[in-house]
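The structure appears below as structure tokens.
Each chain carries a letter (A, B, C and D) given by its place in the written order, and its residues are counted from 1.
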Amino acid sequence: MRKLINHPDDLAVELIDGFVLTNSKKVKRVARHVCARSEAPIAGKVGVVIGGGAGHEPLFLEFIGRGMADVSVHGQIFAAPTPDAILTAIQAADAGQGVMLLYNNYAGDVLNFDMAQELARMQGIEVETVLINDEISAFPPERAEERRGTTADHIVIHIAGAAAESGASFAEVLRITRKAVLNSRSLGVSTAPCTLPETGLGTFTLADGRMEFGMGLHGEAGIRQCDLLTADQTADELLAAIIADLPFRAGDEVIALINGYGATTRMEMFLVMRRMHAWLAEKGIAIHASELGEFCTAQEMGGVSVTLMRLDEELKKFYDCAADSPGYKSIS
Amino acid sequence: MRKLINHPDDLAVELIDGFVLTNSKKVKRVARHVCARSEAPIAGKVGVVIGGGAGHEPLFLEFIGRGMADVSVHGQIFAAPTPDAILTAIQAADAGQGVMLLYNNYAGDVLNFDMAQELARMQGIEVETVLINDEISAFPPERAEERRGTTADHIVIHIAGAAAESGASFAEVLRITRKAVLNSRSLGVSTAPCTLPETGLGTFTLADGRMEFGMGLHGEAGIRQCDLLTADQTADELLAAIIADLPFRAGDEVIALINGYGATTRMEMFLVMRRMHAWLAEKGIAIHASELGEFCTAQEMGGVSVTLMRLDEELKKFYDCAADSPGYKSIS
Amino acid sequence: MSYTGTDFRRSAAAITSKISAECMHLCELDSAVGDGDHGTTIQRGTKAGLEKLQTSPPASLSEDLSSFSMGMLSSMGGASGPIYGSFFMGMASAAKGHESADAPLFLAMLKQGLAQIQKIGKAEAGDKTLIDSLSPAIQAYEAALAEGADFATCLQKMTAAAWAGVEHTKSLISKRGRSRYAGERGIGSPDAGATSMAFMLECFANTATGDKSCAS
Amino acid sequence: MSYTGTDFRRSAAAITSKISAECMHLCELDSAVGDGDHGTTIQRGTKAGLEKLQTSPPASLSEDLSSFSMGMLSSMGGASGPIYGSFFMGMASAAKGHESADAPLFLAMLKQGLAQIQKIGKAEAGDKTLIDSLSPAIQAYEAALAEGADFATCLQKMTAAAWAGVEHTKSLISKRGRSRYAGERGIGSPDAGATSMAFMLECFANTATGDKSCAS
């Protein structure tokens, strides 16, 4: 293995230690696996809890702050957090206005979050769940509720956080967040595998010069392997699939996002972004904002994903609000 | 190779295309290899030009904006920009208050920037150079002026940009920037090599499970290879060398920075940061701010570097100013 | 012969050391089609469960099963945390009010464990999950009991059937968890969770019958 | 025999195609101790220089050398851009006012090229740079000329000495550019820039003497 770690058992906790030390002015540690923005719970505001397995940093750990989530809860690398930790997170976000659980649709996460939601409700906390399921490759549109959540995460979280920050009611925050999810589509391609830090095992094998479309964030099998395409060809394939899926149409206004999975250079991301702009212009789809970076990683996996979110006036208003989290800042 | 590119000859220009499209609200293209913040040149303000070879993104390309540089100029991957492009950059930054050239101390950069500086002076533009040379491994303190610039870059640029933004005179901006450089020290370790996108050639070889201290950002040979250490041991080695070099002492106040070189996970960076905090606390060195991320990459090289910058009241004041560039944002 | 709280504490210790010994093997199985962490996850869970037992005062069989379940639930996460937590919680609830389990009660405990797994996880036999070792194991146990076999024999039949179930998972296409995306590519590899479940059942059988070979 | 502007245009074409053919080889040499881009850098430079010549009207030898230099300077970057730009600029300034170069003038041009390289780059012979092929090449040329050799012979001696210089760089420890950090680890590899310089000088010689073998 090529990773700088200490004892494998301590990874998740030590990484959160480091995160809190790095951002001590703006975040606090609530429990071993739970962090919150310093002010949480915030009186009069709907609480937003995000979380999932660790190892995808900055997702979810670092997306707490103004215009983002209140609390993040993490499991071990690639393993959903436990119900007791999630319950602690819900309590830390709860200011009596309702708490939204916002996370990616994976079996393990749903099992653990649902248990915690039950426990919290038994304590009288109002809790509802919104699942993120933007990844299009694994299931056709008719089975969208089975789809996984991936790289739309931080913009969905931002819109949810901005809506909550605006003082919107629990029902409103849930509605707006669901709308953000429903209008998001993502697809990615992997060019290099990653290793699990606990064991040093690779999550999958992929020969040099090959690529796989639809590879999951934990090495879940994708839908198509082929020889490495150019940046332009890659953008073409990803965009064609995404645009057809919603479908996005001429006249739509979108956020155009390129995410790097870990070992991808920003150079590569900029090349894909360049082509995406030409593509969307040709289709008559307007770009409200472009985002490029590592928002959701799978350790040092190589490759990129493309995410489009279609905006209406309401989503645009919340998207344009400021965000100030360690992992995502937006200055309006 | 495992990279998403188009034609190798077009890499540098296409990556700048993508950068400008991504950030069209805040930056503009001045020439093929030259970008500027939209408002440049800014009346009454000292101009700051940064630049170097491409392939280290976000450095330097993305460090233009409020509280950062005015103009960035780039060469091909790992190759210093050409004198004519640098001259164009100087002109784009010049508001008649003087232009500072701020870049890393590499032979190729110095040769090209010096030529451009001559040409600009012949045109009557007041230009001075400040070289960044924070990397301690290659030369002993007595030969500090031969040292390379590495991962102190973005904080030096930020302090320079904030000083310029404050309306300081040319002489003041130069003095403050030089002070920031003189108080910065960095050392890194590589855990995995990278490939040059034009040729697919590796820049160096490093067996799985080995690490090399002092490896350069372009694969320049380091000072010591050994078996992979733990995150804590790695932090210990890096910090011991850095602290002894300035030397940093009890009572000093510093910026504590961890930079990832490309394929490094944030998990690893957080582990090193965690140890750094313990170390500095033990030495009685106060941390004014912690920074963690990929600021200066070497394609998909694995590994981290540690940078410390010692602050006085003046440096602290400028460091604490807001920064709003695509590659580095700081919200005060 | 009956299965007491003390027996369960011995089972828990045996399970924990067996799982630790097989940790990398289970990770490799999970890595073929999933994310490669089943071994470390279940190791963390069994260690936490055992620690919970070791730090709590002597208690009933049901209370001990419940403590072990809580230890797993609050340490594992992932898909297998709630699944295994539910399994032991189901066993605990069937054991409630009993000092120890005889062969029929142990069957009821296993069935209740399976029921809890299915209640939370919604998987069916054939979905390539740990149900595909647990369910045939229970059936074999029940058939042996119906034929009048003694407790020890029931447990032996259970273990053999669990391993046959593991073998059978090689031919299945996953319908649950991360491995479902592999589709037909998963054929040929046994399910990681089915394998860890077979190790657990084997340890139950061995400690119940006094065989220490599992506590290696 | 004399070396004219037309000859230089032929040399430039020959250099450009030779460098293109050797591009990966030069990258590999640079990659051993530097950053692996010398081939692509010098290829970019020679192509740009040649294009500059091809798109400018017929001009004097000096003007053409100067155009080629500017093409390199404004396209290469890196350490070698200013170095090679200076080399051709030095040659241009020595050729100024002459229709063509005879053997002594060509020597003066080479010397002026070397002087410009040293003025800007500050390297000495033995620092493991392109000076270590250029400088012995000039000495060999000068020695041949002093012995009364004709232009063609001087050029042949120059080329042979350049390659001997390349060979000699294998034993040197770099003191300049990125390769200096390799220290003793660089021993055994020839310097990339010395190699590209030898190719250039060889192409000069071949085109001057009418040998087309370099323009492959």
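As a convention for this text, a residue touches a chain if its C-beta (ideal position, glycine included) is under 8 Å from a C-beta of that chain, and two chains touch if they have at least 3 such contacts.
Keep in mind the model is a prediction, meaning the values are calculated, not measured.
> Going by the touch criterion stated earlier, list every chain that contacts chain A and also contacts chain D.
The shared contacts of chain A and chain D, listed by label, come to B.
> Which chain has its C-alpha centre farthest away from the C-alpha centre of chain B?
Measuring from the centre of chain B, the most distant chain centre belongs to C.
> Starting from the mean Cα coordinates of chain A and chain C, work out the distance between those two points in Å.
Using C-alpha averages as centres, the distance is 33 Å.
> With centres defined as the mean C-alpha position, give me the chain B-chain C separation in Å.
54
> Once you find the CA centre of chain A and the CA centre of chain B, what distance in Å lies between them?
Measuring from centre to centre gives 29 Å for this pair.
> Taking the mean of the CA coordinates per chain, how far is chain C from chain D in Å?
75
> Using the touch rule from the top of the page, what residues of chain B touch 2 or more other chains?
Counting only residues that touch two or more other chains, chain B contributes 77.
> How is the touch graph of the chains shaped: line, ring, star, complete or other?
Topology of the interface graph: linear, an open chain of contacts.
> Kindly provide every pair of chains that touch.
Applying the touch rule to all chain pairs gives A-B, A-C, B-D.
> If you look only at chain A, which of its residues touch chain C in the complex?
Those in contact with chain C are residues 8-9, 53, 75-85, 106-108, 111-112, 115, 138, 196, 198-199, 201-203, 216, 218-222.
> Per the contact definition, I'd like the list of chain C residues that touch chain A in the complex.
24, 27-28, 31, 33-37, 39-41, 44, 73-83, 120-121, 176-179, 181-183, 185
> Which bits of chain B are touching chain A when the two form their complex?
1-6, 11, 14-19, 21-24, 54-55, 57-58, 62, 77, 191-192, 197, 208-209, 228-232, 234, 262-274, 277, 290-292, 294, 297, 299-300, 302-304, 324, 329, 331
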